[in-house]
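To start, I am sharing the structure in question, which I have written as structure tokens.
Chain nomenclature is as follows: A, B, C and D, assigned in order of appearance, with residue numbering initiated at 1 for each chain independently.
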């Protein structure tokens, strides 16, 4: 189904080339100030065409609140949001009628539904994420205003260009104390200061090189987005099937083009000793009870412990590339698929607000 | 909540030291042969005390079918399953009344609920997984009998001892063709032939060394479990929030002690080029339509494409160790927690049937 | 939450005076012909201002399909529907700022949410039902096209003017065989032939009198809608909590202004003897297996048996009347609330398509 | 599925003749005193064989708490409850192999599942309600202890013998003020003082006559149970699909043998004028804000308003009777089904605790 969440629930609609995309956000607390201006910034951060690193396709993505507010204040009733599709050209990619595009959803959609949208990726299109980002922006506003929760994501690697904390974990089975400081202070302006959305200058330079090289090669490259949630209340998450990390994993792997999720020490934690990995409890300088290290990633037994929640999401290289690809047609004939035109050499920088939005939806859930 | 699944749904109950653990499995198809003998083997594979590598605590874990079958055939009604706790000693770990155990759920449960089970880990105990494994065994039987689906998991790494395909991906951005053959053929007898449940002899030897060394050091070590699902019908999974990989990630991260999930190329896919990562379509020798490579891991656009589904789950080193740990008491006093007695140096081999069970629950969902 | 259904699910948004109302319909089968023309008729039947019996407020209610179809065929993806509110005047009923309107939702909404829409009934407004009716129209089309299911509702009583079958049950503990024939043949053109939507001429005349008298008295009157579902597949409904009658009851009592639900023999069945109430099985003339009588209303043990499903829904007299009402203000001061202007003397005829729509949603669920 | 509720959820298992019946109750608040002694009384009130009016079959129904408490206090974890079936004789009713019993679930279960339990009614058996009643008893305890909520149900009619308030509504379109007093004060000891569970002496006598006459005739008779919920917090229920009355209707129609549900004025409200039916607001003697009359039944716009919630549930005459019934076999042959032995001439008195339990589950939801 096209819904996410239990008590704060978003339901989305819209394909790449229909009249519009949108969503209904149910469970929004009443009495909160809310206008389109609270939602638009994250939509604009998600939008293609923001920099020379991303696809030249410029989608305007202007959101309208249809219901659920009056005089700029939420009523506690469902909020309908719509974003018109300005570009409704049917049938943009004609060769894809013959060939299912490799590693796209063309083949699986056709098998599952018996029909598919004639152009673009249908619901697999990245435009589907507009609804989530809009719903996430509302959730973030509530979390920030009511609870002081901060959610910040950033590009942590593209290709082999990775921020130092990733290498520390991979090579030394630990993180430097500076990493915890960084998680405590990183904010969106810092992230957006570079078009890569990587807040480590040296890595950002490498990432730019990687992406531009792939663009030149008419190819694509993947990467990872890391996200931190600060000031999250203690006690979120359920002991068993709905552990907070399970909900986060579900949310993140529902984003198109994702391949993996890890939180806290993640896959690198598997090579550490228990005595090293366990986070000892400490009384902190401010009198609060907490942990000295945070390999647990802010969650123990599926339940938040008040430390920073942080996790990393893997994005594959985008399946749309501008190179010829040898493949096989629906009829079983080997041939060459030449996808024309535009493509996005790396989706990673644009994925940053999507990761933030899905994180906000999980915390609200 | 303590339920997983929508149309095939398991609901579990039970802590470590109450009268018993169990579950209700709802949505079991009618008319299927089913007795306790179909369920017990996976429970026995999950059970502690199976080999010198695991905890010496021997739990018998005999399952009883309370309802839902007659004359050994399912009725389509919910199946109640119970497993008595033979060891109901209250209050086994007295020092843990003073100190919340590092990286256990003691602290978060107490914060969330205001009470906690006086002994053991309550619902965070591994005994909670008994219900899931039982429900998974029923699901697996149905999937095998009705659809020919095979689910096989195995230990792919413990500490830094890892099977070759993992290194191939990490170092060479690809897998060898032998890996695909291996996924096509690996079965449970082969997996169980070694007590590590690692089906690669050389790696298995290394793993044994790693685990025994950690046991000697009264410490613990993590690892990864890889799982393959074969013959899965095309078309499972939903386009948007309930992509098959999202459901798998949710399921896997709900297993205690997990830190990460990746499918297909996973995190290593982030460093590949799109042109290399895309799986071209081919007409196979048997006439079927499929893909040449399988970096997609059997899922495209969230929907199964008929190729093998494979994924890898990260397990941290168990938080229970037999060494003294410097930490802080609930009262904020620094001190030393000496967990007495038994512990499991690596949970990875025992996690294998749990991963299989959760995979089966996802496919049935 | 604002969603109904599990595998076919509608989620609605919209208050009486925001930019628009609408819904997302998820789970619509792919490959079905669908345009606005399939949805509009039921919206028009629901619309106020259709005859001299209903409120003079004329709402146009033109629906637009935003997504989920291409070239007039459903894609299997969610269908977004919007209906603009032409009349967005804020603050229509100023005295209601002082007095909570008796038997409206003003007071309870304010208590629950702390805010309320300044005008009209917010989500309690009958405009909220537009989304349901639209979703129901799509469901009905599928049920008719794919399975031959017919759903027909009609006005069975208004005030004390009731169709003969109701009196037969109340007074004689039985129904005449003609009643079963009637259920087999009644159709929407027959229902719509009279503005009361009562398909029994004599009762229809009485109903018109009752309604016009109440209109004259600036008062309102309730009534009942009876609905029959024909050709419903055998086996729908779950044995326990989700019996088909439970889902129908849930659906019907979610319609504004409803007070009760009964199916088959209903409340009158409580005064019958078991030997009289039990429906004996028979082999019918067409060779099918069925029941001779149908006090069960087409459902046995919560599961459809292939006979006609029929049920009756009670609607209270509309709370909005044009007479002065003595009541008490939010401040606790006794006073007179004079609701100005228009009101609907009986909502029953307009409720007919809403009942049909909710019935269709249940059958699809 | 076999679950009810969202945040307080019961899942049941068990047929009439398997090893046992039981349930898992999830979402029970932590820190509440709870032992079997809190649950057993409602199970015993539900039990057959309590008086000469009910079936002679004596089922002991002793409940065991398997999990979720320690030292008699709830842990916030799921509570497993089991009740062994002492009478597991297979195949009690041999003629029913040939004839589907009229107005039982035999035929529909067989059509839906392809198999059916060889004896008794499987999940349609009244034994299935044991789990609900147990879960309801826990819910009631919490509601009473934490919020002061009182839930009291009683037999309001059997056959044509009905309490005076029912006739007042039917004949005079109103209720006497005494009825509101009665709803404010009725309690379970008063209800249980008579074996009919009808708290109006004159009606109770008539009911006894009716039931004994039907028992003599080897026949059965239905009736209605009325239930009042006092001190329910304001604001429960959702505006749209999950109105409190919709949840109550769903819950009540999920009880075996029910045919209808009405709340407040119910079906009789359809014949009243709006000016008469609207409940004016008043400031009460104790300073609270409320309504003068209560035709709304404690719910306005789907949301509780703090007044007493009351509703009435219709039960059909039990389908099991001890008379010969002419019907048709599965093979289509007309014949006579002679159900041997025991039957319950009226299920109404025993349904009282079931109605209370389902009401408690709805309030907790």
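By definition in this document, a residue touches a chain if its C-beta (ideal position, glycine included) is under 8 Å from a C-beta of that chain, and two chains touch if they have at least 3 such contacts.
Predicted model, so just to flag it, every value in this text is computed and none were measured.
A.B. asks: Looking only at C-beta pairs that count as contacts, which pair of chains has more of them, A-C or A-B?
C.D. replies: Pair with the higher count of C-beta contacts: A-B.
A.B. asks: By CA centroid distance, what chain is farthest from chain D?
C.D. replies: A
A.B. asks: What whole-Å value do you get for the distance between chain B and chain C if each is reduced to the mean of its CA atoms?
C.D. replies: 48
A.B. asks: Could you grab the centroid distance between chain A and chain B? Build each centroid from C-alpha atoms only and quote it in angstrom.
C.D. replies: Here the centre of chain B sits 26 Å away from the centre of chain A.
A.B. asks: What's the distance between the Cα centroids of chain A and chain C, rounded to whole Å?
C.D. replies: Comparing mean C-alpha positions, chain C is 41 Å from chain A.
A.B. asks: By the touch rule stated above, which residues of chain B touch at least two different other chains?
C.D. replies: 1-3, 12, 77, 112, 122-123, 239
A.B. asks: Spell out the part of chain A that touches chain B in their complex, as residue ranges.
C.D. replies: So the residues of chain A in touch with chain B come to 1-4, 12, 99-100, 102-105, 107-109, 111-112, 121-124, 128, 157-160, 214, 217, 219-224, 234-235, 238-243, 245-254, 256, 258-267, 269-275, 277-283, 289, 291, 295-297, 299-305, 314-321, 323, 325-328, 332, 334.
A.B. asks: Would you mind writing out the residues of chain B in touch with chain D in their complex?
C.D. replies: The contact residues of chain B facing chain D are 1-3, 7, 9, 11-15, 18-24, 26-27, 30-31, 64-71, 73-80, 82, 90, 112-118, 122-123.
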